[in-house]
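Structures are listed in the sections that come next.
Shared between the two complexes below is subunit A, which pairs with subunit B and subunit C, respectively.
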Partner chain A sequence: MRPRTAFRVGLVLLVAALAAYPAVGTGYGVRAMLQIFMWVALAASWNLISGLTGYVSFGHVAFFGAGAYTGAILITSAGWSWPAAALAGGLGACVVALVIGYPCLRLKGPYFAIAMLGLNEVLRALVSYFEGLTGGGNGISLPTLEATVPVYYAMGVAAAAVTLLAYLVITSRFGLRLMTIREDEVAAEAMGIDTARHKLYAFLLSAAGPGIVGALAARDQGYIEPISVFPLATTITMIVMVLFGGKGTVWGPVLGAVVLFVSQELVWARFPYLHQLLFGSIIVAVVLLMPRGVLGLLQQKYHLPRTI
Partner chain B sequence: MNVVITPAMLGQVVVSGILAGALYAMVALGLALIFGVMRVINIAHGPLLMLGAYTTFFLYQALGLNPYHSVPITMLVLFALGALLQRTLVFRVVDAPELSSLLLTFGISIALVNLAQLAFTSNLRAIEYATGSYTLGPLAFSKSRLIAFAVAAALTGLAFLFLQRTRLGKAIRATSQSREVAMVCGVDVRRIHLITFGVAAALAGAGGALVSVIVAIQPEMGQIWTFKSFLVIVLGGAGNYPGALLGGVLLGLVEQIASLFLTTQLSEAVAYILLVVILLVRPTGLLGGRQT
Partner chain C sequence: MTRPLLEIEGLSKSFGGVAAVDRVSLALEPGRIYGLIGPNGSGKTTLFHCVTGVERRDAGRVRFNGERIDGLEPHAIARRGIGRTFQIIRVFPELTALENLLVVTRGSLAGAEARARELLRFVKLDGLVHEYAGNLSYGQQRLVEFVRVLMRDPSLILLDEPAAGVNRTLLNDLLEAVRRLRDDGKTILLVEHDMKVVMGLCETVFVLDHGEKIAEGPPGVIQADERVIEAYFGR
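Moving on, here comes the complex of A and B:
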């Protein structure tokens, strides 16, 4: 069997196993897998803007929160079903991304990164302020519904969809143009690439996933409040996962999400106070010592294709 | 919302805005220096300010030092810390793509905040010194803010004198204009980078010392200062050092005026909207971009 065929067969088997898992798995196992799916979708989404174009988003959790609030409000106030509300959550996140991305991505340099650094806090302040719509600091309680298994599948589909999207983008001309922007933006412009528009498209694609996942997480937890859906720690975790796995690749964020989530559950949960220090150190170490991440190293060593 | 605004309130707001503005300008000047000289945005600038506040606090608590007298000590400590960060970590990404330097300083930033939480706990600390205020007619000047304004204005002035008049300052500006030409003229660029990072950290440290008397000290107090300092730079024009002064005062005024109409919760949002609007209509800043 050729390696490529073997890879595809393995992938099909993996998907089949994950689809069958809720029938045999324990409650804890299903919840843990659901979390992994969520992190895969989040990390792969961050990779779409930051890994491909080199524009660092320091506030990607803002889209998670925007999706969570859009979804929760539509479910409680408008009586939408949760799958429809999840898609609307993705749309809501895209609207926020458009408002921020249009002014900030027209410019080269660090403007976008810093604007994203503040976005999270601002959305949290706005959500707390507009109490009529969002319940302010009291948050929103969703109607009770036992939906762990359906949400498991929805989250799985979201993770698969974002990964597939990353594959389609990375293997397309659009993806090549994004990577050209990352390597040399002036050269990209000289080649006739409308850089502002390409960056904005990549940003919108990268906001949709967290929005959908945010709405699903809101449904799953049944209760959201400003502090719970806008934590800076979530953005940090996304960044660490992508950097560790390998930015700009299809499977790097997946690898990073799985490895970091599992180590978090097994080891680091015992040292909650050291969490951020550890993540900060991982970021520093990866940037300095292996900027291409684990998958990048493997690609280099074993001459793997660029498009994995 | 029905808010009646009297002239006295407006005057008060303008005074408070200018007082806060000098502090913003001083801290932002540090960020602007690093960006101008190395093209690095130091996300850890705010956390350095937080460490400056803790340094002042512990000097006050352990040795009973007057928080204003210890400003030079705090600045020295932060200068050393900044130079150490540059020497060990940041110098490796000066020539790397922007992504690397942003991520590196971001990693340093979260590590510093967590280290502060471990070492100092998350308890709120305060220095009770220079409480109360002076009154002049209908206007009130909070003592600690007035002193902060004076010290910040003096330090900013000194920093500009240093940049304009001394050989070292000229070398820093030369490196900021063109690294290659400066190198050809015999400037030791690595040393300049070291000193620039140190000076910038010292300015952040001075900001922390002055803020420590005004607000509660806690490990997460710093991050917002990275954002505000950057906003000040954008307002004044990136690479334009005098622009930072205008930007600082402007940010102070906008925040204070917004506080007349809005809750404090939203005043942060106002600063943010200001950033987005400025980037939309005048991305080179109000005074224009980089001066050559």
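Moving on, here comes the complex of A and C:
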């Protein structure tokens, strides 16, 4: 039990340090941490559907965008406070997931991935088209508000909540059932597992986090437009973070988000164009050398629980 | 005659014009062991798939406990009390042996774990409960698949070649387990190529050839049946 206790103590200290950070950190540091929180929430959410059930969502940023627009519209048109708008953003993303998940989760393998890619393009086209509500290509400007530190905390809570959710799911029988869908969907059905229902639940859970952080990011940036909240690159980044850290594990997406974000920042500052090359190289290296990711590799090799 | 547990009436399924199962009718009574034999490609596995909902039948009716189950989703059929294993092993490779059993249960997890450990001990895998199922040997995976079916306590168990790849000592235990299940009132239908297993275990044997049922009866009678011999060895 020693390592476990040490881990818990470390975790508490880390949370305390992160909570105290805005008081001592630089403006850049706080913004960077805020971004890391966002990526943790996004990657951990993607892991819930794709890491566990094996249904690769290639359009997960659609939920981020749906949340961003839901939040921005509620703030500007209905005068909602941003924390309430953020929760509504999560709900809005879940509604999209429900509508799209029901038909799309019946598709297998690459067909699901492509359908999700399409969903993202459709949503982007829709928000561009309905100008009255969304401002179309002009986007939406939110009222000016200095809220970096409050948003930092909100992002932190969102990241912690999604990670806790992942822990609860992965250590539960429900989580195991999700994994049977990845392992062998036919056998799962034959053993009495309602795979369609389980996939939909996982999909809904995986949409809430991106919806919330989408709305928070909208508040933070103060301005959104279709191309800024529905970029395919964001989905790819989530995927790479999870693959790097270890899909299907609790801490893999966290590790992936931190390592990739930090390395991207470091390279980005020095070599503006090289970071894309770095990103591409990481994808190739991970897929070739350790398809399970860092923690997945350790887990298999040393028989560790998925909660690493 | 008691009311049949499973009743198949005129079941047909074809793939691209080839009739894999052709108007097959049969009935299984509770508490008995049945065998399903036939040359390769005679439709045994397709019949299993149609009963368990993995494949949609083209025509015919399947009743379980008097209720129509054809057209139901596989999980709905499983929940009514039909368990099955697969010809090609389908354990969940990245779940441990224990998790493979736990994942199919409902209700109390503690109770399920006690039962799962007991079953794994029974098939002599108690030293491997935390091993990933994918790392187990072929025969061990078959055993995991077999006891996984028992976790749900089904009243009808369909076994697709349970003996393949299982060593002799374990095989005897396995056959003994099947008999004990029968004594507990379960019904078992098994597809098996090992004739010794079929003849020693089954009370009634159905023979399929080119998707049609060509014979039905006790093993002794089946072995002497002209059409069966012809189906297996040619004229």
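What we mean here is this: the second predicted complex is superposed on the first by the 281 of 308 C-alpha atoms of A that agree within 3 Å, B and C clash if a C-alpha of one lies under 4 Å from a C-alpha of the other, contacts with A are read in each partner's own complex, and residues count from 1 in each chain.
Methods note: contacts are C-beta pairs under 8 Å (C-beta built on N, C-alpha and C of every residue); 3 or more make two chains touch, one makes a residue touch a chain.
Predicted, not measured: the structure shown is a model, and the values here were computed from it.
When the two complexes are overlaid on their common chain A, residue A:Leu277 makes contact with subunit B while staying clear of subunit C. Contact with subunit B, but none with subunit C, is seen for A:Leu288 once the two complexes are overlaid on the shared chain. Of the two partner chains placed by the overlay, neither subunit B nor subunit C lies in contact with A:Arg2.
Shared-chain residue A:Lys301: touches no atom of subunit B or subunit C.
Measured by the number of subunit A residues touched, the leading partner among subunit B and subunit C is B. When the two complexes are overlaid on their common chain A, residue A:Leu126 makes contact with subunit B while staying clear of subunit C. Contacts of A:Met191 after superposition on the shared chain: subunit C is touched, whereas subunit B is not.
Look at A:Ile100: by the touch rule set out above, it reaches subunit B but stays clear of subunit C. Residue overlap on subunit A between the subunit B contacts of one complex and the subunit C contacts of the other covers 182. Residues 50, 54-56, 58, 99-100, 102-104, 106-107, 109-111, 113-115, 117-119, 121-122, 125-126, 128-129, 182, 236, 239, 243, 273-277, 279-284, 287-288, 291 of subunit A are the ones touching subunit B in the complex. Residues 173, 176-177, 179-180, 182-184, 186-196, 248, 300, 303 of subunit A touch subunit C in their complex. Subunit C meets subunit A in the complex at residues 52-54, 73-76, 78-79, 83-84, 86, 90-95, 99, 102-105, 109, 130, 132, 148-149, 152. Remark: subunit B residues 35, 41, 43, 89, 92-93, 97-100, 102-104, 106-115, 117-118, 224, 226-227, 230, 234, 238, 263, 265-266, 268-269, 271-272, 275-277, 279-280, 283 touch subunit A in the complex.
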